[in-house]
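Okay, so chain A shows up in both of these, paired with chain B first and chain C after.
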Partner chain A sequence: MIGWVRNRLDAFRGRGAYAATVPPMDGALRPNTRLEEAAVLARVSSPDNLVLHQGRVLFSSGAVIMALEDGQTREWRRCAAEVTALASVGETLAMGLADGSLILASDADRLVTGLGRCITSLSAGEAGQVIVCVGSAVHCCDEWKHDLLTGGASGSVWQVTLADGVAKLLAQGLSWPAGSATSGGQTVVVEAWRHRLTPLGGVPLVSDLPGYPSRLSPAADGWWLTLFAPRNQLIELVLREGPYRKRMMREIDPDHWIAPTLSPAVDFNQPMQGGAIRTHGIIKPWAPTRSYGLLVRLDRKFHPIASYHSRADGRFHGITSALQMGERVLVTSRGGNAMLSLAEVQP
Partner chain B sequence: MTIPLVQMTAITKEYRGVPAVKTVNFTVMPAEIHAVLGENGAGKSTLTKIIAGVTSPSSGTLTIDGQARSFRTPSEALAAGVAMVFQETSLVPSMTVAQNLYLGNEKFFNRLRGLTIAAQQFLQSLNFNVNPLALVANLGAAQKQMVEIARAVLQKARLIIFDEPTATLTPEEKRYFFALVQRLKHDGVAIVFISHAIEEALMIADRITILRDGELVVTDAAKAFDRDKIIQAMVGRTLSGALYQRHDNKVRPAGAKVLSVQNLSMGAMVRNTSFTVYAGQVTGVFGLIGSGRTEAAKIVSGVLKRNYFNGGEVRLMDRPVTYRLPREAVLDGIVYVTEDRKLEGFFEQMSIAQNLFMGHLAASGPPLVSYAQMAALAEVWRGKLNIKAINADARVIELSGGNQQKVVIAKSLVQKPRLVIFDEPTRGVDVGAIAEIHQLIQGLADDGLAVMVISSYLPEILNLSDRILVARQGRIVEEFTPAEASEQKIMYAAVH
Partner chain C sequence: MASDVFTRWRYKLVPDKIVGEILSKNWVDNAIPVLFLLIALGVFAALIPNMFTTGSLGGMTRTAGEYLLVALGLTIVVMAGGIDLSVGSVFALANLSMLALGGVVGLPLWLAALAVLAMGGVIGLVNGVLIGYLRLRAFLTTLVMLIIVRSVTDTLLLSYSKQMSSVQIAGPVWDFLAFKTILGVAPSFAVAMVLAVLAHFTLTRLRVGWHILAVGGSRRAAHNAGIDVRRTVCLTYVMSGMLTAAAGIFYAARLASLGNDTGLGLEITILTAVVLGGTSLGGGRGSVFKTFLGVVIVVIITNSLIRLGLRSGASSLVLGAILLIAVGIDVRWLKNRAKLLARSYVSPTYFALPPLQKVTRAPTTPYAINDLLSDAEPIGVGEVDGPEDVILDEEGNLYCGSRDGDIIRFLAPDHKIREVYVHIGGSTLGLAFDREGSLLVCVGGMGLYKVTRARDVIKLSDETNRSWLSIVDDSRMRLADDLDIAPDGRVFFSEATIRYEMHDWIIDALEGRGNGRIICYDPRDGSSKTILSGRQFPNGICMVPDGQSFLFAETWGCRISRYYYEGPKKGRVEPVIHDLPGYPDNINLASDGNFWCGIIGMRAPAFDLAQKMPRFRRHMVMQIARDEWLYPNMNTGGVIKFDLTGKIVQSLWDGVGERHPQVTSIREHRGYLYLGGIFNNRIGKYKIPGADPNWTAGQAYWGGQSYEGAKP
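Our next item is the complex of A and B:
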């Protein structure tokens, strides 16, 4: 009873779960333009998941898996549906497709089904296993905005054994699991809608991130975490305003929703971005922009130690994947349709 | 030959047999600006209080205009043309600014409107932006100081003694103040100026007197001094370079996120401000008076309340927290070391031991008083913070400003905090104690505590901070690393 009263009071006052607040980008997440200034390796339509497979850099772009060789991209494999996730596990390349199938490709392809239609991320687990993140049991990958705006919490994490293709459910009821990493026998899962990194069965290692996190990949001495969109007070408010949100979803084109996006607005019908807060000639990152480019370097304990930004007025938004290659880091900007190369990655 | 306006000969003042001032000879000439410098406890305030009739000397003579005088009250001194502006405000909080200005000089039939208009005109003539109808209790420290100064000027004194007049003023207000001092000098008023800010003394004083341990070390023309020479005379050793320079360029790495303030709002003072404080680092917050930095810190520590509707969020260790009382924050490990120690920092009539024990009680369970524990606590913290006093039973009011500040800090640290917020930690503190307090703050961060230092003194922020946040108009507007920060950049961000 007291809990109910407090909940109603919080809703009335805009506090607790109803506080439309966003953590600041400061400290290790302090804005810069290092991502914006990164070298553009290739211009590709919607580049997504990067992997290093048998010495070759591969990345997905729609239904095609592209290879990056000598600074040039070429089609490496075409799939039956859009590729939503990739992982290289030993000799095997695991491919998650938008039709819900998981293909384990080595000498021959093996098909694993029954994981749902929304494979958002694949990563190498313990020896001979692949960890599969399924964002939602209701929506497919393209409908990620729908899942966010409906408060989706139907995601799950699976462990698939490469040898026999058997899938084992590790966790469910997650809010859009979008990335995972296994280290020291512990699998850490990224929950995008809860803005946190949590080990399976444990307490969050990092929480309250200022954006929607997605994939994790190994760095020289830690991890890379991509955040594909920013949080802002306007969207947080919309997320808490049920009737408004429902009506918006019912009546307005998804491209015009007040919701995060992967790319800067190009259509004047879309809600205004970069809300015109300009100081020192720079549009500040706390302006209500709906897209942003952010790559975060984490230490071994998954704490942020450095970050790379393409700010509100930048081009390379919607960062979905990073791959460390020696001194360089390759980054895909899905919103900016570009493959980037960061040269200096020391914080 | 010009007769000195004030001449003190072999003045000694003892408290309980302990000399605060020892056989000091001191003169003030008409229409001169005379700076009195010294560490806290050097006897500056005592010396000037004797001139202003606040206290009387144990021995020695005081002459005003060549006539021997012995003031029993400040009003007698005022009648002889000597006014003093105190470091700690002596205004009546429940009265308006106008009423305070004319307090003691009211006409038989008072007309409030006339009083207000006169006060308004007078404040404007001094370029002081203070509302004469505002209650003094609602004024900030800087504005109270302005009213104090205005009152002294209004009383048409021939000698005005300023005790730390600029400690609470912003750079802009300081400029006005210095112009005012020059104007007073031009009108024939002598100024005695007690300050810890050596540069200010060098800039505006005609003569400088330096005291150490109650004795006069030197009096000479300001031109004969430089910063190093003054510091050496003040402390008997050279500190100059060490005080406001980073000892190394090492920046502590950020530990866990301890405090996350998100879109915090409180009236017009705090407007949607957000910042984070990490363990193992000193997070410096610079801002001019009115930038909302103190208010934000007070909301975090439960002293003030945020807006009732959509007031934002304070997260401690990723847990949203709301405090109705400071004690709740203390129990959660947040302590706030106030900028106004006299009003909010300690119980002045209580002993050091009692003050520290009060801090301990706030953070512990039932209020069971153990005198043995109180004494032990006082002994430990007097040693740790080098609090100089006759003994642990000494009342805090009897201590110098620096030692009072150490008591305030110790009172907070006994509460075993995880986040310490220092608000102007070295305001009104002498150079020797500043170095000790800085060392203490660095030590806390080295021990893994999250430390936030709010300061309007740029060298202090630059010296202490691992991260520098700049507040302006109720929000944090910029962040600098120590490597890229400079006084110019920080000030630009704070103003524009």
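Our next item is the complex of A and C:
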């Protein structure tokens, strides 16, 4: 009863769970410009899904899988639809496509279907298995904004055995699972809309991140976590304002919504927040923004220990994948259409 | 949509903005005591029959008169940041002294009264010297004074009460003070009211009153401002002592009491009255009228409680409780008023713009986006801060306004040398040259000013007619924005909004209401008159060369209209462009007879939708930080050229929005277009292909009568 009253009061006063606040970027997440200053390896349209497969760096750009060799990119394979996820598991390259098919390519391709149309991420599980994150049962990968704004919680995580292609449901009812990692027999799933990392069947390891997290990939001693967009007070408010949100989704082009984006605003029809007015020729780095570049280094226990930023005035936003290559880290900035090479800073 | 119709009427019929406007008034502090008074009146009128008969009121004014006198003194002390607890004892001593001097000693009444007043003043002076000059704590000092004076009174009473009780003061004056009324009120009340008016006048209009308020507001700041803080503080205690003594005299006349409970607990009663009225214990805030309200409330309550038959102890209990509540409200109110005001002042209403036309880079469309302005040659990069308007004189010198209140001049021909032409203060916005070559300037927060060629700054207008139903004072000019001069010399200028100050101008966009107006200044008689009101951020003003009309832009309304100030259509407003895809700013003449208009930003569908949903904007203002609010998109701007039929002839943009993200001003001069921007740190100079290289606005406006001939 008290809980209910408090809930109603909070809803009325915009406090507690109804507060449109976002956690500050502090501690290990203190802003810097390391990502913005990283070396640009290649300019590619919408790069994503970096993997190391049999000694070769692969990544996707639309429906094409590209290879990065000696600083040059070349087309490696062309798929039937946009590539939404890649993972290298032993001899096999697992490819998730926008049409919902999962292709297990080794000597020959094997097609696994029935996982829905929204494969957001693939990662190597226990030996001979691949973990599949399905962001939503309702929306496809491109419709991630729709899923966020409708409070989507229909995502699921599957385990596919390479040997026979059989898919087993591990968890469902998740809010846009966008990445996963398996170590020591435990699979950790990233739930983007809930801003947290949770082991299957466990309590969250990291929660209340200041952005929307997606992919996890192994680092030298820990993990890399990408955050593809920042949280923003105005967006948090819109998420709580049902009538406005519904009308916005019904009447306005998705590109012009008050919603997170991958790339810095270039379209003058996009909404602008007060702090983001260009003054004296510059946009403040701390201006409120709907896109951001953020890569976070986690330790073995998945706790953040360092971060790499491209801030509100930066170019390399929409970080979607990272790959440790010895001393350096390759990073795809999907919003900045660039492949970056980053020198790791010891935390 | 049906819901839109409902929303529109809801916001049309219920004027939400009133709440914030009332809260922003200083007199709103009186609202709580007035409410309290009404409640007290209602409750006791219901409980006690014959509560408000004339006889009863007359009796009440006797007490009220004495209370008010003491309360006036305490108000002055509290407003200067102190407190005087000794009033009860001084009151008792004054009563006793009056009876003793008038009766036993047998002095004439006037002399006895003067002596008693002087005695009150001396006790006050002791307090004042200790607190003001020796910097003792007011609370402790006056508490000690309370005890000392009370002891003295008791001792005197003990020694002389027998003698005194045998002598009665008599005489017509004494009886008049005791029993008669003036216009239905007790003499003490009449005197108190006269003194209250004087005190009000002193506190609000005289130097010493301002000093008292300043000291109460902040001792340190008052000291820094050159006020003699010690003397001011000392003075307040003297006043308090004398006023209390005066109250004691009236009390003596009324009751001739020799009881030892005279004035016992009076300090609590008076303090309750003062704080209940709304005078802040922290100092610096309060008024005589508030104290008056507080006294009336306290008298009604004490009187009623006695009539209800409560024991005197219970009466004190009730007063104590009220004091506690009053102090609580005082503290909470002071702390939260600004917050409440900040949250409730922005009052969004329903506003629907016409459908947004698609603007693309396709060159065939009227507003085709391009990057031509990115190539504009920069002038004064980093040397100007917010040149909202720019203008050139016939010699080619370039003038611009600035955020810090200067008019900056860049010298012809290359505009490399910068000088401060004149400092005005306030944000210098719209600029125009008159026939004599004087520069007329709209200054945000100040009004309309003129800078002569000798660089003298002359105020032309800073107020207009006050409209009857406006709660905010709309006679004052908050945001004079742009101006133009008619051939007959009248100046028409826009005031963008009457609800926000210069630094908050964009917030006006969130309201979606017509808060602005256009004012006409007539130099023939120096008068200013509002000619159009309820406009949505009226901004640029530009004369049409027909001598009968001018064009004006309404920024948040995304439209340009034409107003006729002369001729057969006089007084009419005709739309020229009603559905701009961006927000128009200043309008100026082009050499080919068309008009230039600066576009400060572009319409975003998400913002347009929010304009139709006032509740959403209200929640936004209440719940999230100001920098996070949704605003019109001001990071892409440009210039359009249009004709009087509303046809778009040309458009120039900075599509990337790096050099000229907002264009607030444009001036054509000898084949070039000069661009200003309110958030920019530069002026742009763009070569207009094919423009008349000899055309200047001065010639176009004043032709052969240009001030060229009158050059010194």
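Quick note on the criterion: the second predicted complex is superposed on the first by the 328 of 347 C-alpha atoms of A that agree within 3 Å, B and C clash if a C-alpha of one lies under 4 Å from a C-alpha of the other, contacts with A are read in each partner's own complex, and residues count from 1 in each chain.
We take it that a residue touches a chain if its C-beta (ideal position, glycine included) is under 8 Å from a C-beta of that chain, and two chains touch if they have at least 3 such contacts.
Owing to the predicted nature of the structure, the values given are computational and were not obtained by experimental measurement.
Asks: With both complexes overlaid on chain A, does A:63 touch chain B (first), chain C (second), both or neither?
Replies: Touch status of A:63: no partner.
Asks: What is the contact status of A:52 with respect to chain B (first) and chain C (second): first, second, both, or neither?
Replies: neither
Asks: More chain A residues touched by chain B or by chain C?
Replies: Touched residues of chain A are more numerous for C.
Asks: In the superposed arrangement, which partner chain does A:16 touch: chain B (first), chain C (second), both, or neither?
Replies: Touch partner of A:16: chain B, not chain C.
Asks: Quick one: classify A:233 as touching chain B (first), chain C (second), both or neither.
Replies: both
Asks: I'd like to know which partner A:30 touches here: chain B for first, chain C for second, both or neither.
Replies: After superposition on chain A, A:30 lies in contact with chain B alone.
Asks: Is A:207 in contact with chain B, with chain C, with both, or with neither (first, second, both, neither)?
Replies: After superposing on A, A:207 lies in contact with chain B but is clear of chain C.
Asks: Now for A:303: first (chain B), second (chain C), both, or neither, which partner does it touch?
Replies: It touches chain B, and chain C stays clear.
Asks: By the touch definition above, which chain A residues appear in both interfaces, chain B in one complex and chain C in the other?
Replies: After superposing on chain A, chain A residues 14, 19-20, 233, 279-280 contact both chain B and chain C.
Asks: Going by the contact rule at the top, pick out the chain B residues touching chain A in the complex.
Replies: Residues 253-254, 256-257, 260-263, 274-276, 278, 308-313, 315, 318, 320, 322, 467, 469, 476-479, 493, 496.
Asks: Touching residues of chain A toward chain B in the complex: what are they?
Replies: Touch residues, chain A against chain B: 13-16, 19-24, 26-28, 30, 204, 207-208, 233, 279-280, 286, 303, 305.
Asks: Hey, which residues of chain C end up touching chain A in the complex?
Replies: Interface residues on chain C, with respect to chain A: 356, 359, 369, 382, 385, 506, 601-607, 609-610, 613, 615-616, 619-620, 622-636, 655, 657-659, 661-662, 679-682.
Asks: Taking the complex as given, what residues does chain A use to touch chain C?
Replies: The contact residues of chain A facing chain C are 14, 19-20, 232-234, 236-237, 241, 243-244, 247-248, 251-253, 256-258, 265, 268-281, 283, 287-288.
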